[in-house]
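One structure coming up, written as structure tokens, with questions to follow.
Should a chain be cited, it is by its letter among A, B, C, D, E and F, assigned in written order, with residues numbered from 1 in that chain.
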């Protein structure tokens, strides 16, 4: 934890001064336009992979970038979604999964490993629909390939859950809110995006190309 | 959201290449030593204020940097805590509040604003003990001063909740896990730390001085 | 209740004998192919409006033909869905709303009427997303028109909830299960069907026409 | 599902026209006097076995004709009960079990079959009291006989649960609401009724005889 | 709290020595035959009003001598009931209400007083059925008379809840467990007992007389 | 249960008359200063071991003298705590464990014994943190010694849970409420008290000595 204190000192002495004005502005209030929901995984740093600044992303991080569907049992993620849409009026919500996700791996292999983590097991029930779909669509997959397929399907499943929240459903219907499904690849630093029309993840470059075409 | 795509491109083209080796290493797995729990607020970027790198911090972000006490109703934050301590074996857990927190403000002023955010209201019940304490200890406070006092007390309350989780309680008892309460000041970029012995928040510099003395 | 006893006698003496063979066959077990989820409303008789026989429809009836999304709090409807798909292997699931639905009316007008029905109010939270969408898409609607719009949107919302259930999600992915959204009009005896491609309800005849074209 | 569409057409073209007036009347509102709670089983058609018309029965159907006791966790069945008694003012509530019930069978034999149906298993906890009673009163029973005994006891247990709901308890106390426990036999088309005084199910005919005597 | 320490000293020095043998015996284990469920009220001392000794009564005390019905949400009282019947094999369960009960008063008058006690309000939902019955049966009652009627009805309601617990239901069916409803009158030190056959509370003496007659 | 009736008669005829005045006073209302939370165990009689009178102790008794932490799922114990602090204004809360506690034993040895007591098992989750601490601090302990260590640690854990309740947290902060952790030894009739400063249980006499010193 000493390293953390060194970092804090470094931030205050060298990083903060350069952005002092921006932070003084921010001290009065935030106005982020984007809600970014991703995994607690230490290798996924939302502000770094999007090269955004403090004030840009409202961020929710949990095990497996999960969004429980709206229902009777509302917890912390549902509170983030409600606050982001109703109080902050964000216009875009990104659900960002990532390669080599330990949570998705835990759902598939060695379920006994979850025996001493009952809360994690219970939390991952919110990804069971994704797992069921992968097992039906890709029965031949195993190991890392199956995990990767689950990472991708899980993003789609969580987008579906997201749209069961009243504020999100209303935002989509009115065109005020747009949902985005991403998968970040740690090894290459690249991102794939979910294309609802094609029903699959497409690489970032291809996605941008598709977009230009659609706008043309 | 276009800006986000520009950032993604910038990251992939210019930022990632410089750290390619580190990321290729990380692609095999993570081994963070620190669980960092902070607010979803867009102005609080954990990796920036601690000047840490991908792979260093396991991060949980929610409305009000809250940790529900261990009990019957286990959700996403409890899953993060369990995973961090049991599966990853982190050695330090930081609960980091921040100045001008909208969640803490929501608890105090204009409760009617929460009428159309029932899930947020319900979630903030986990900070009611902090509010009760502030109202008893500082009945004279109002406005921003009261919010700041609540921000600080809330960190202490969430540390108490944290220590009701079996894995954390065991980690503290054995000395394997240490808890830290921080408050980040957006305007000055400085951090205060909770000093359990004194029962108050002390500025970072003073805290480090105290530490050296204690070690001497 | 005397009339009920007369009906029971009538059934046993005159109706049952005509179908004795069929019932003796059914006494050994059921094998319905369709799960039919509709409102408890006394005017909606599933077997009558589909002219089906005992053994054909597995039926779930509740206030507002609601299917809570899959999550932590699983109740009776979720049990029906699971049993229908996993144990019975149904191939089609119909969610059937109806005109003049008291539950949908309760969501919109005179919310004070729900003050002495706290359980109904809580149950109807599962239709809040539908109400939010209607209010955003059709702010000009009032009275019966608004109720009718909510009846239709609610069917769509419940289909979305349905697809968050793991067994259903897997069934859709594999093509083994198909979902259908219906609205039954009490006054005319006609049915409209939800057309996912067009994102709207279409009259039964038109729907059948579309189908033939699609198959052509 | 084609057969369903044929049935819909048949209903609209041939069945509905004969009852057009009745339906036009019903389109304005419902006023059922009876709440009928029965199993989702496809072989149990409430309106057929009671020879009642649209508008007569407010119907709740779920796995095992279960009514959870009133408590903290109120779901769909509780909402039906509350709506039926408070909003509609029904005067009679029938809980109707049936022979060869798959839910009751699932409680007794081959519990492993429920391993892949966790929601059904959890739902059936509401019938555990019935099972405990059967095992104590009839330890000698096995197979179909035990299932039949459980079907009967389960109706009694659900009547007890029903009377823990405040609106029902008040209705019973004031004599405005009467509860009825039925078991429908699929093979013979006959019904047995629970006789509270004798603490057992009696065949329909005998029950009517008893009634006449009581009234004499 | 000083008085408490004086009492502890008095107990150890003067009361305990007289019963040393009994306590040394008890130190090896307990074998109570009776589960006694009563209010947390300081004026109701179960062992005093029954003149029983340590080891005789397994005791559960909560606000309003409440037993939630068996269901999805099992808490502390349900755990006591289960442990008493399954692990200890008690033969009798007493639910004992008392005159001037603050919990019952809270249900009836000045409901605003519960505004700052949300947990108590939620807990008292388990007595709503009793309140509904009193309001229907005795609409003319007010003030203390209404509270007393509610105290009595609440005992009956909690006995009904008790019998929804599987272990209790089985115990009653087999004759191994007997339920008793009592109301203790603080002012006179007398007890009334619920007579199921008559459906009313009868004074202790009368109750004993009835019993002798029944046995004669 | 006959013995119980004899006791009731004995109380009314011989014990009550001696205290008639006190009881007539109490009939008007209670004003206890102390909330006493202890196990349902038949060998622990709060009023006897503290030699207190009716009206002195507000008492909560459950399996394992447990206080669930404040959170979403508030039950009977939380209601007692809230009522005691908010409505009655108690100044001291005692959590009293005891030697040879069956609940603590159940947590450690023979967990299969809990297989037929699912509610008890679920309830005891509230003592898991205590068990985790004991297993880390005293890995060498077994049998009765381990149970005794768990009894002591459990009292500390429940005090922590207690202080997460808003009313209690406020009471501690303002100095209006004090918490006490006790363990009662059945065999010797003596009591140990938790000394927060030393982080251990100390015998009653020693505790009083420490107190006198602290006051000197």
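Assume a contact is a pair of C-beta atoms (placed from the backbone, for glycine too) under 8 Å apart; a residue touches a chain by one contact, two chains touch by 3 or more.
Keep in mind the model is a prediction, meaning the values are calculated, not measured.
Under the touch definition stated at the top, subunit C and subunit E share these contacting partners: D. Interface note: subunit A and subunit B, two copies of one sequence, contact each other through mostly matching residue numbers (shared numbers exceed half of all numbers used).
Its C-alpha atoms fitted onto subunit F, subunit B is found rotated by 180°, rounded in steps of 5. Chain centres were defined as the mean of their Cα atoms; on that basis the chain farthest from subunit B turns out to be D.
Centre-to-centre, using mean CA coordinates, subunit B is 52 Å away from subunit D. The geometric centre of subunit C is 19 Å away from that of subunit D, both derived from CA atoms.
Taking each chain's centre as the average of its CA atoms, subunit D and subunit E sit 34 Å apart. Residue positions 68, 73, 122 of subunit A are each in touch with at least two other chains.
Around the ring, proceeding from subunit E in the sense that reaches subunit F first, the chains are ordered E, F, B, A, C, D.
Within the complex, the subunit D residues that touch subunit C are 1, 3-12, 15-17, 20, 23-24, 26-30, 32-34, 40-45, 47-52, 54-63, 66, 68, 73-84, 86-87, 91-92, 94, 99-100, 102-103, 113, 116-120, 122-124, 178, 180, 186-191, 204, 208.
The touching residues of subunit A, counted against subunit C in their complex, run 68-73, 122, 125-126, 128-133, 135-137, 157, 160-161, 163-171, 173-174.
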